[in-house]
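Input: structures, listed below.
Each of the next two complexes has subunit A plus one other chain: subunit B in the first, subunit C in the second.
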Partner chain A sequence: MAFKAKMRIEGSTATVRLEGELDGRSAPELNELVVRAADQRVERLVLLLEDLSYMSSAGIRSLVFAHQKMPEETEILLVGTRPDVAETIRLTGFDRSIVMRETLEA
Partner chain B sequence: MPNALVVFEAESAVPNVVAELDEVLRADGFDVAFSTPDDLTMRTEASPQPDLLMVSASLGLQRVALVGQHFMVDGRVPTIISFPEDDLSALEECVEGGFDYVTPPFRRTLLRSRMNSCQEKSELTTTVEEMAALASLREYERELHIAHEIQSGFLPENLPVPAGWEVGARFRPAKQVAGDFYDVFTIVNGRRLAFVVADVCDKGIGAALFMALIRTLLRHTAEHTGASRLVEDEFLLSVDGEGAGGSAAPLLSLGAGPLVQAILGTNRYMARNHLKQGYFATMFFGVLDPVSGVVLYINGGHNPPVVVHADGRRTLLPPTGPAVGILPDSSYTLGYVQLDQGDTLFAYTDGVVEARDIQGHLYGMPKLVDLLESNRGSDAETMLEEVDASVRHFAGHAEQSDDITTLALRRTPAGFAGP
Partner chain C sequence: MTARPTIERIDAYPTRTIGGFSVRAGRPLPFGATPVPGGVNFSVYSNNATAMTLVLYRAGESEPMAELPFPDSYVIGGVYSMTVFDLDVEDIEYGYRAYGPFDPERGHRFDPSVVLADPYARLMSDASTGPRRSRVALDDFDWEDDRPLRLPHEDLVIYELHARGFTKDPSSGVSAPGTYAGLIEKIPYLRELGVNCVELLPIFEFDENDNPRSHPVTGEPLSNYWGYNTVAYFAPKASYASTGRYGMQADEFKNLVKHLHKAGIEVILDVVFNHTAEGNEHGPTISFKGLDNATYYMLTPDGHYYNFSGTGNTLNCNNPVVRGFVLDCLRYWASEYHIDGFRFDLAAILGRGPDGSLLWNPPLLESLAYDPVLRDCKLIAEAWDAAGLYQVGSFPNYCRWSEWNGRYRDTVRRFVKGDTGVAGDLATRMVGSPDLYAQRGTSATINFVLCHDGFTLNDLVSYNEKHNYANGEDNRDGDNNNQSWNCGHEGPTDDPEVLALRGRQMRNVLMILLASQGVPMILAGDEVGRTQQGNNNAYCHDGPMTWFDWDLVGRNADLLRFVRKAIRFRQAHPVLRRGPASAVSWHGVRPWTADWSEGCRVLAGMFDAGADDCVYVAANSHWEGHSLELPAPPAGTVWHVFADTAAPTPLDAHEPGAEPPLQDQSRVDVGPRSVVVLVAHGAAGAGGQAEQRDNGKEE
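Right after this comes the complex of A and B.
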């Protein structure tokens, strides 16, 4: 499935919906959005991952990149992460730096 | 028949100049068409591409140039020659702007020779540009080749193999340079065998530079941490393993100090100096006691290696800490596993389980585990070959998208041991 990333910034929250596969080819697209969000000095980065079917190590690197790029207090929230993708994140140990939730409201 | 397009403002035209051009061009065998600059925007893709553009200098330099842009195909514009209507200063402006020109009275021979010289000039420019592009491409390829050669030097030339053991590795980069690496070397005066399989996130030159750094840090630290150095880091909390049972014995084992220092030191160095660049590496770092068969290891966020035991069991060695370089304060647990005769430890990078076939399906962990189990009795080389062949067969003609690295360590069963 082709990769799609759409960002909406409302107040101090940037919400990015990701679709398809986040790998070496698509990661730069997400990095670009992260830079834009960081420029807006958002306090919260929400990634909606219900429709993200795959994440490679290059994708994890995008998350690390986001973590570096945002001010330290910025919360990074992953919502609706599929089990395979969550496993990839857990494997690298990066789950310690982010928050994962089933739904946005939870 | 060649096409000529004459472009001028309808109302400002000096009719006899245009008529004269038309006559001369036709006499020279051209199909002649006319257009105003505004009408050019109405052109469709089906409109013929002119071989020659005659543009009135009265449009002014900028608009003459814009007319040329209209006909740009693959970065090239047709031959443009400007001509004056009644305003010679406008023509001067175009000539200074680099356009060729003709002035009335128009003569066939003059026009023809001007066109020829224009053509040659533009061909020459194109050739020079093509040569420059080709030269820089060659230069780039040469640099990449050098990078490849240098990186090969960061992989071990020969693997040290303790008596009673088999050690082998395969390395297949997706590009000329890779982020994957493996390493096998002895520590504590040859009493322990250290082995590493690592995957620096990302691919290509960036990953290759970090591969060189991380491999060096790991090896240098492991080789230079004395056996007497105790595991003093508060980061190290506990021991995990199939036979852990609260025993602290492995901690006091000779290889533990170098192993822990190599991982913690490299993580600290990466986090302190390179966190901003966002590079990190997942790795499996094992230290084997060839006499007892005990492997102490740290798995930093890496795909779990598989141990296929001769007695039919199978053990996975999951992460005992995060990827190296991802967090400044990562803590790692020491794992350990016992290898008996006929047992094989198989480590690999995600390029194996995330290899894709032509439809985009992943190779996957279950397929790998099945294959390893069906090769329970095989020697290390055969197992590496089988995995390599299986992944190649699965991928078929699909492009290899990630580096693929595998390493097998097997304790030779009794009766097979060499002298």
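Right after this comes the complex of A and C.
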């Protein structure tokens, strides 16, 4: 499935909805959105992952990239992370300042 | 000043197409596969190859997706380099075909039918899920502010552990057993134990299936569990990572190092540069053998492999090319993985020249000693090899290298089991072995009594003989000279007297080790009495025999408590760590009169660095107790009892800083086969309010 990423910035929150496969080929697209969000000085970056069918290690690295691009106090929230991906994020230590939730409201 | 727009680099554009891929001439340095803008730079060298082809695979597939011969214009000297564009690095594996003569008598074994692993591969795929091949690594780990801890060498308490075996047993209770991530979950245990350095058995990619033997009873194939057969020196072992299927073993291992550092624990790697997994002429061709056999291996004049390692081949470490390889590798681990030090397996080989002769100033050892990147790394030599070269005390050290002190091990073992004639040598071993390391300080000697290679502590006091039948060699393998004593019964027993004696003997060994000047190393599991059922060469067992059984933490809580206190006691007393040896005086049944005679089994040392730091250690390996008159403690202090291995737990060791005073200040009773440790505190010192106890025993 082709990769799609749409970003909406409202107030101090940037929300990115991701679809399809996030891998080495599509990760740069997400990285660009992260750079744009960082330029807008948002305080919160929300990544909606429910419609993501696959995330490779390059996708996980995009999260590190986001963490390093954003000021330290920025909250990064992952919503709907698949369990195996969530586990990988945890085991490799990338969960240090990333919050994972099942739903946006939770 | 306004920022100028940056121009995209010219070398980010391909110049031609080879094998269907856009490429351009690469950069010779660095060697290996390095991500660059738009692609990956591949660089490999061989001084004797006539041509080279880069072979690319889609991850996990058996057949290559492309073969890219290096054009002549991409070769500089003996280095073949090419940048390949538009590769999805996550989805590819690679290797090389090297063309050249097959002429073993001249040392050449080129075989282009084999796709060779890159010696500089920074990642290898997990062989349990497909072919073991080189992969491209991404180095974008978030280290935060981490860096090597640079703890003073002499303050270390080293804990030797197997990264898989430590948590693989289900009793570990961790979420990812047998992995780097699993080990992170056990850091609280290490902290509570008090060790400040872990030494990991090999974690460079190796072949765990490299063992032709099978279990004599079950018939199951035996493995190579320890991992002293390296396949890729720059790649962390993939199967030790819970995230290996994502190719994230490098990240997971870095995360382990970062967490250990946060807990104040250094990381030393056991590295194997004396030989490789390629064996001799009958072994497999994996990498070096096919790339440049005559350069990488020590060969006889007629092209056979020298075997100083006992494993078939010997890496040609003092060849300038190989020396550069070793240096590149260690610099990489020190800088990219923040490793604090290295322990070199069979390091005496690293002092041999290409013909095997001993060098007086081995270039490799000198380079490592003076390298700026490695300046703060601990360098520890296993100062012997499998061909009889034994350099404990004479390893070329450049005032930089420490050694596994094999003589310390042998002497402590002999003393504790009751041999006569070793009290004098024990005294020398307990003050940093100045006969071997004069003027080099206490960090030159790594004191150990047990290590992965040999008995565990529990087995040292439970077996007179090795029991290695499960290794499939009719009990012929493994050392016969163990200096062990079973305390009256060979192997497991219910006899309470035998068990009590074993408990005391284990405490005696650990107490002497932790009260000796020099850097102590503890074998993981010895603090809870781990057993291997008498197997003293368990390299081939990846199972309950070798895995850490976490149920022992509860079952042998008393021993664990003793060790924790003994480590804390050591950390509280600089005189035990830093010396000098001249601060130590020797005593016997009478103070200031040590008995150095052949039949003596009693030795007492006063480690005296003044009022705040004075420790008296009395060791008795006689089967009868002795009453020792005490030397006076420093002015204004009185003797307090830290440990008495003859006392019932919990009186065998007290809380450091809160030791009870010794009632009779003129003498101390040392029980049969036991060790007593006293410490000087002010009369109303830390333990002043503690219950008065005579020599720590119950009244």
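Keep this in mind: the second predicted complex is superposed on the first by the 106 of 106 C-alpha atoms of A that agree within 3 Å, B and C clash if a C-alpha of one lies under 4 Å from a C-alpha of the other, contacts with A are read in each partner's own complex, and residues count from 1 in each chain.
Here, a contact is a pair of C-beta atoms (placed from the backbone, for glycine too) under 8 Å apart; a residue touches a chain by one contact, two chains touch by 3 or more.
Everything numeric here is computed off the predicted structure, so don't read it as measured data.
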Next on the checklist: After the alignment on subunit A, I want to confirm one thing: do subunit B and subunit C clash, or do they fit together?
Outcome noted: clash
Item to check | Partner chain(s) touched by A:Ser56 [first = subunit B, second = subunit C, both, neither] | outcome: both
Checklist entry - In the superposed arrangement, which partner chain does A:Gly93 touch: subunit B (first), subunit C (second), both, or neither? => result both
Next on the checklist: Just to be sure I read the superposition right, which of the two partners does A:Val64 touch: subunit B = first, subunit C = second, or both, or neither?
Outcome noted: both
Next on the checklist: Going by the contact rule set out at the top, does A:Gly24 touch subunit B (first), subunit C (second), both, or neither?
Outcome noted: both
Checklist outcome for this item: Superposed model, subunit C vs subunit B, clash-positive stretch out of 434-442, 488-496, 542-550 or 560-568 is 542-550
Checklist outcome for this item: subunit A residues contacting subunit B in one complex and subunit C in the other 23-24, 56-58, 60-61, 64-65, 68, 91-94, 96
Item to check | Residues of subunit A defined as touching subunit B within the complex | outcome: 23-24, 54, 56-58, 60-61, 64-65, 68, 91-94, 96-97
Item to check | Complex interface listing, subunit C residues touching subunit A | outcome: 88-91, 138, 140-142, 144, 176, 179, 181, 242-243, 246-248, 251-252, 254-255, 258-259
Next on the checklist: With touch defined as at the start, can you tell me which subunit A residues reach subunit C in the complex?
Outcome noted: 23-25, 56-58, 60-61, 64-65, 67-68, 87-88, 91-94, 96
Checklist entry - Hey, which residues of subunit B end up touching subunit A in the complex? => result 199, 201-203, 275-276, 278-280, 282, 300-303, 319, 321-323, 326-327, 330, 350, 354, 362, 401-402
